[in-house]
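Below you'll find a set of structures to go through.
The two complexes that follow have subunit A in common; it is paired with subunit B in the first and with subunit C in the second.
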Partner chain A sequence: MAKNAKQRTDIQIAICGSAGDGTIAAGDILKQAMAKAGYNVIAFDVYPPEIRGFGKCIARARITSEQVYSLKSESDCLVSLDDSHAIPHVPEVCKYGTVIYEDTPMSEMAEGTHISSHLASAQLPYGVAFREISERVTSSARSRNIVAVGYLAGLYDMPAEIFHQVIGRKFSGKPKELTDSVLSAFDAGFQTGAETFRLHFDRIGASRSKSKQSDLVMMSGNAATVRGCLDAGIDTFFGYPITPATTIMEMLAREMPKRGARLLQTEDEISAIAATLGAGYAGARAATATSGPGLALMSEMMGLGAMAELPAVAFVSQRGGPSTGMPTKTEQSDLNLAVFGVAGDGQRIILAPTNVEGCYKCAGKAFEMAEKYQTPVIVLLDLYLSNRYEAVELPVENPFSENCSKPVKKKPGKTKYSRFKLTSDGISPRAIPGDEDCMHTVTGLEHNEQGRPNDQPEIHQIMSAKRHEKLLTAVKHPGITISKRFGDKGKVDVGILGWGSTFGEILEAMIEARKEGIRCSAMKVVMLSPLPLGPIHAFMDDCGEVLVPELNYEAQFAALVTGATGRPVHRLNRVTGTPMRVREILAEIRRLAGQTEMIAAE
Partner chain B sequence: MAKTEHYVIIGNGVAGSEAALHLRQRDQDSRITMVTASKLLSINRYVLPKIFSSSADWRDFLLHPPEFYDQQRISVRRNTWVTHVEPEQKRLILRHRESLSYTKLLIASGGGRYIPESLSEFRDLMLKFGSYEEARSVSNALPKGGHIAMLGGDMIGLDLARSLVHDGYKVTVVGDDYLFWPHHVDQEEKQKFVAVLQGMGIDVRSGIGVTSIEEGARNKPARHIALDNKETIDADVVLSFCGLMPSVAFMAGAGVDIERGVLVNPQLQSTDENIWAAGDVCQIWSPEENQYRFFYGWENVKKMGEIAALNMTGGHESISTFQDEKLIATKTGQIDSPFWQYG
Partner chain C sequence: MMNIHQPVYLEDKLEEVESSGKLAYRSQTLPTWCPGCGYFSIVEGVSKAMTDLGLNQKDTVCVSGIGCASRFPFFMNTFGFHSLHGRALPVATGIKVANDDLTVIVVGGDGDAFAIGGAHIPHAARRNIDITYILFDNGVYGLTKGQTSPTSIVGFKTTTTPYLNVDQPLNPLMMLLSYGASWVAQAYAGEPHHLTEMIEAAVAHRGFSYLHVLSPCVTFDKTSMTYKNLGMTVRPLPGDHDTSDFAAAMAAAQNTDLPQLGVYFAKERPTLADGLNEIAARAEATV
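Now for the complex of A and B:
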């Protein structure tokens, strides 16, 4: 580590406590304030699966002056609000990193139960009387978390005034006495932190300058998804709660009525997708949101959507599986279900954003695609992305088209309307029920151009081709990044193919590898069905070795790519319930780069 | 199966660190835990005056790098302190109410700055210079070429004074009773050594007391000192160097004999068979002088740490209770002291 204080700001702070300690609330204030102060923030909260109880909560936030793409494997600072939960995370604190903890516990502690006994020699201890300070200024220990946030802000020279604004907004609508009490807890913590002799080397430097063309907004992946839905003009939403997708419905439930749109909580996921398809058929921009178990229930109706060519959008936030699995842990193991989980050949469009800004774009574009290609579109999120917060710049101009339906061109005189008319691009003019002279039949049975049931061999052949080939042009849908290459151009030793939330870690690992002199590129693939095979082939042509890191056991994306391209890839799979570590990917890049050299030498 | 010892060392100064090192060398299987109020690992406080002449950070003052403690399996409990010791249960209680058991205990808690009663009311206007944090605070408060006033003038302070003068700072020493502590010098010798200090560039006001210390006037140095001879001194920083006071408050009620420091025999064992003491905190029985007395300075303290470790692991070695404590005026116009020998 350089001896001088860092010029660039790059500090990752983890706050760990028990449910009820206000851990997530403390992290929320921290990340909101630092984003408001103009820093890039990536944040991710981990909370227990139990609705009630005393499970572990961790709020992590990486605060930077430059754009970064993932959380770091190690934090620079760990704040313990509950030692029993925080102790296992002490090894995650970097060399010369700080561990901040309560040093006035309520009761006597047995040997080894205090966090200070678990610090490595190179970690710096900061004991703070959180409880005493809170009791002194608020007559209650309940504001320990706010004292901790204040202490952090004081210790790292963060702007107190902006924290005041964030706290004020967070407690707006509460009694003034309560807000004042919380602010006094923050101030007391801030003063203590500011007066603390600093031994750590991380400093909060200047923030980045804000773009004049857009707003810097701190939001989670799910919140960005909601914003995308709203900007795309969502009309109806049907859903059934399930972690980690529930907050999408919660936020839409607040926002949609304000805009004259409708939301209904259905009795289950089957009803939700059925109603979504029905609304899409009726011409509405309709969506649902669920997780892997919900998508499993929806698979039959997804088939109907493909067969009847109905627009619908399903946001699927993955979690640890199979079955109920690990509801509050992240995973990327529903890719196979999303791509293949349907009876028959029921291909649909699958989008997988790689960051919070991507959630916004994919959400809005999903409605366009569903309309344009007349098919269900699944937007594949995961818990790490759904709950991850980033400071993002959203465009000032709404980037989503209001209507992408292929219109029915009326000709003079009465012509027979064919809902599933065969066209050069495979997309049939779309009428909605009630359109004059556009009476038609829709069914889950195989059908002819008029929609009437027909199982003749040549009909099934030609209609299957129609339903698949119309999607091929989706890989060129305007205004959305379908795939993108980063890093070295031309031939490289190692190329990394990634999708979903893991791509941030992939990008960081690639940047580090390039610093080490390894020729390296990374490609994110946002559209997973149909795959953008042209760019993927071109990328693989340039790569000595191709690595596919993903958070599942079965290497689902690697298998998808290998199956589609016929080319081998190296797999890197983890199912720990936590994001992939940059250093794990980097280690694999190094190994493959070495392997490439050996092969070249032979 | 042999019992695994848990050696607990209170303090992470030179004595405690030396003891930890020798304990590990002599007992590979034991647990070793050091307890210190400092947030930092062991600092070589004897080189702290260098803080004024370089941009060094605390890592440059460490006795050992962090990896050393990991390799030696020495746990250092930092940022806490012992509130009391319970010898019957062989455990101690830390400030954050965690208990810590031991099989053998070494008290090496050193000494804090002694502030005479006459200066106690000005305590908040004086800085300290015992730890890295304190030294850095002094460094931050002292402008380049600034003026520092030292009250007392013990050998720890004079060591700092000569370093500061060398680096271009102005130093005024106001002292009498504690001038040249812990050396015992008579009045005639004192005048001789004061002259040497003056020759070294240190302004010495000997035999004069302090009447008051106040915050400095606007656009003046931060402190204004009034002396009892009506003179005044404007200084940026005021430090007290009036000797050390052993840190033994936590031993009250522990049943171990204490006078000013922990009383130990020449093997450094206290009146409790499982408790030893080393460094500035202990008074060692001197058969030659027929009294308990302190032995200061880096060489003595280091040796005490080594001998304590030896005896805690079954040895029976005594510390030499004779030492040369003569203050010397060198031919080059400097003074020198065995208390300044380190490294």
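Now for the complex of A and C:
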């Protein structure tokens, strides 16, 4: 079947190699090119914490014509750049799926060490001489990853000219001879692939419908976060490198100075958040980014931010924990730390986007909220979301407000300014250094309306109420979806409550379950503190059973929801360091739907 | 220093204080320190320095951590940030990076600075961030009622070292010099006029200025850094001390038995703001 026939596209390609093989680079070229060619792409790379050292790297990309929400449990194609790493992944290749591998090893291999001996009978083997081709056209074996990408593109009939553009851009700034050599490696691979006899369903199908092609950009969760920061007018950023948040600081370090904004790499995470609060106090839109271990260090400062009512935005990209845990593996286990990690009653706002586009929106809105509600805002990401690539459509008009601060109204005569004035919504007019006649001192001590230390019983009661009640209005903050229901409306057998990056898998599982005739819907919760209890209660009222799948061992979100609503939920927890499998969620939905039927029958 | 003081009459003093303009920098909150505490001179010194330098209250931020000395911002009629134990310097860094037009004065004690906050001092100094750090060293934890501090002498008995303190004290002047602070000086709370001069010079310096103030704790230290002991040992730096000579500054800082007062080292170099402006200029050139 020719590619211009209206055949739906849904193929997932996994490239697997050893650190240093160029696996991630090959995957990057593939996903950039396919997004440029007009396909939806969701991509996620898995790599070891070591830079070299022969750790396993896998770049996965799902290329589709329709909107999808997550990677698939099974891949349609596996490209092996290193058989010892790729062999365990052969079972993830679907029936009649493709396995592409090096068929001319450098030396004799022991029995069972070559990938070809591990294929199932219904998997299609494509042996290619990557190394020989690379050596022939570039006089070096180093471009074998590019040859592999070229072969893949040729085999699937992907548009070579777009790969050329992507490679040209990736190597811009490098010597022309190098770019030419890489392009010739691609072409040699492409030609070999195109000349290979293959079955028709290996070819790529239609791209997205034409109407939506123009404004889509391929970006990672962290890149979308950075774009959100820039569009919201970030003034200062203070950070300390930590996987998987480091790329946020790296991208901001390039972009912020171009706009006159300032970025500083601090001596630790404590100073990063301290400086962020200092800058926020001085009127800046200020942010930091870290992971769980960094947030643990920041928790005392987060309490100061709550007490002194200071704006600050902290992007926290979770990874496997506790402690140093699994720095390059994904997990959703810092929810408790984000929600509860503070001395005393120090509630703050927590937003958890569920996809790359959400990262952009939450990042920008976090600055608005921090400024308006005068409190730290944590945007909770995770490695799977930070490093996941999606083709997203960003708004043409900047959607973020420039100033959300409640201004001090100047009254004629001598009214002394009260920084922590009690108001109906709990939000006090805020002055910053430089404002005339508004001198005041902020403090982590309990204080009265003027900001003077005060530990009288009624003061602590009233001020605690002020600090908590002002956050309740944040649930109605304009321009952001803080919870949303998908799937069947009205009463359903099974409802799935989800948060963060796992929500993509939840949606896919829900769609499958509905195809099977199960009445089912899913709700994403983006604001995790304060919880949007109204919509959550309404959703739970409609559900026979409620399932909460999440990537942590302690069922942290399930416990949070149960604690807040007093209603039991079913938990589904995995801590494998990888995204949750759609089929695992689906199995649980089926089980719960069966239970509901049995109860109904009784 | 060391001059013979003339008798002072209360009426004259009141008139002098009221006409000086210093009170405009004082808040209506009275200092909470113990009678006789060396810290009273911070408020006096900073107020006078601000008066003399013509600083505007609204453009000045006093930042502190936690401890007796750290209560200082509440006593000033400026903007203030009473932050967390040990974290005054990074908070001040954030304020100054956000708004370089502000005058930022950081005040802290020896525990706040050299125990819990020790990690921040080298970085504030090496970045040469344009703030003033006034460190009141009394060699004891006062707010928690008398425990040993990083500058307590060996043998000092406190509630947590009831037999003796065995940890050798730090030498803050040598530390700050080696960290690259561009202005380092020492003063003594028992010499308030000299202290005020030093505060003024510290605030006037463009870059990171560190003023070490020896300040007795009259409540929890009856044996070590008392007015009596310090009063007998402190002396001015030699008249020919060269403030541009780093080696001479380090040599003078080693003399902890006879602490010398005055400016040890002063050298202008680009500040953090200069550096960030340079980065912005290079980045804008790429656009």
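Methods note: the second predicted complex is superposed on the first by the 587 of 602 C-alpha atoms of A that agree within 3 Å, B and C clash if a C-alpha of one lies under 4 Å from a C-alpha of the other, contacts with A are read in each partner's own complex, and residues count from 1 in each chain.
By definition in this document, a residue touches a chain if its C-beta (ideal position, glycine included) is under 8 Å from a C-beta of that chain, and two chains touch if they have at least 3 such contacts.
Fair warning: this is a prediction, and the values are worked out from it, not measured in the lab.
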Subunit A as common anchor, with subunit B and subunit C clashing or fitting: fit
Partner chain in contact with A:Ser107 - subunit B first, subunit C second, else both or neither: first
First (subunit B), second (subunit C), both or neither touched by A:Leu199: first
Which superposed partner A:Ser116 touches (first subunit B, second subunit C, both, neither): first
Touched partner set for A:Tyr281, first subunit B, second subunit C, both or neither: second
Subunit B, subunit C and vertex subunit A (Cα centres) - angle in steps of 10°: 140
Which of subunit B and subunit C A:Ala289 touches, first, second, both or neither: neither
Subunit B versus subunit C, judged by how many residues of subunit A each one touches: C
A:Gly127 touches, of subunit B and subunit C: first, second, both or neither? first
Smallest separation in angstrom, by C-alpha atoms, between subunit B and subunit C in the superposition: 50
Touching both subunit C and subunit B, counted on subunit A across the two superposed complexes: none
Contact footprint of subunit A on subunit C as seen in their complex: 27, 29, 57-63, 66, 73-74, 76-84, 87, 89-95, 97-99, 101-102, 119-120, 122-123, 272, 276, 279-280, 282-284, 286-287
Complex contact set, residues of subunit A against subunit B: 3, 95, 102-105, 107-111, 113-114, 116-117, 119-122, 124-127, 197, 199, 201
Touching residues on subunit B, where the partner in the complex is subunit A: 39-41, 57-59, 66-70, 75-80, 93-101, 133, 136-137
Residues on subunit A engaged by subunit C in the complex (per definition of touch): 235-236, 238, 254, 256-258, 260, 262, 264, 266-268, 270-272, 274-284, 286, 300-301, 304, 308, 433-445, 452-453
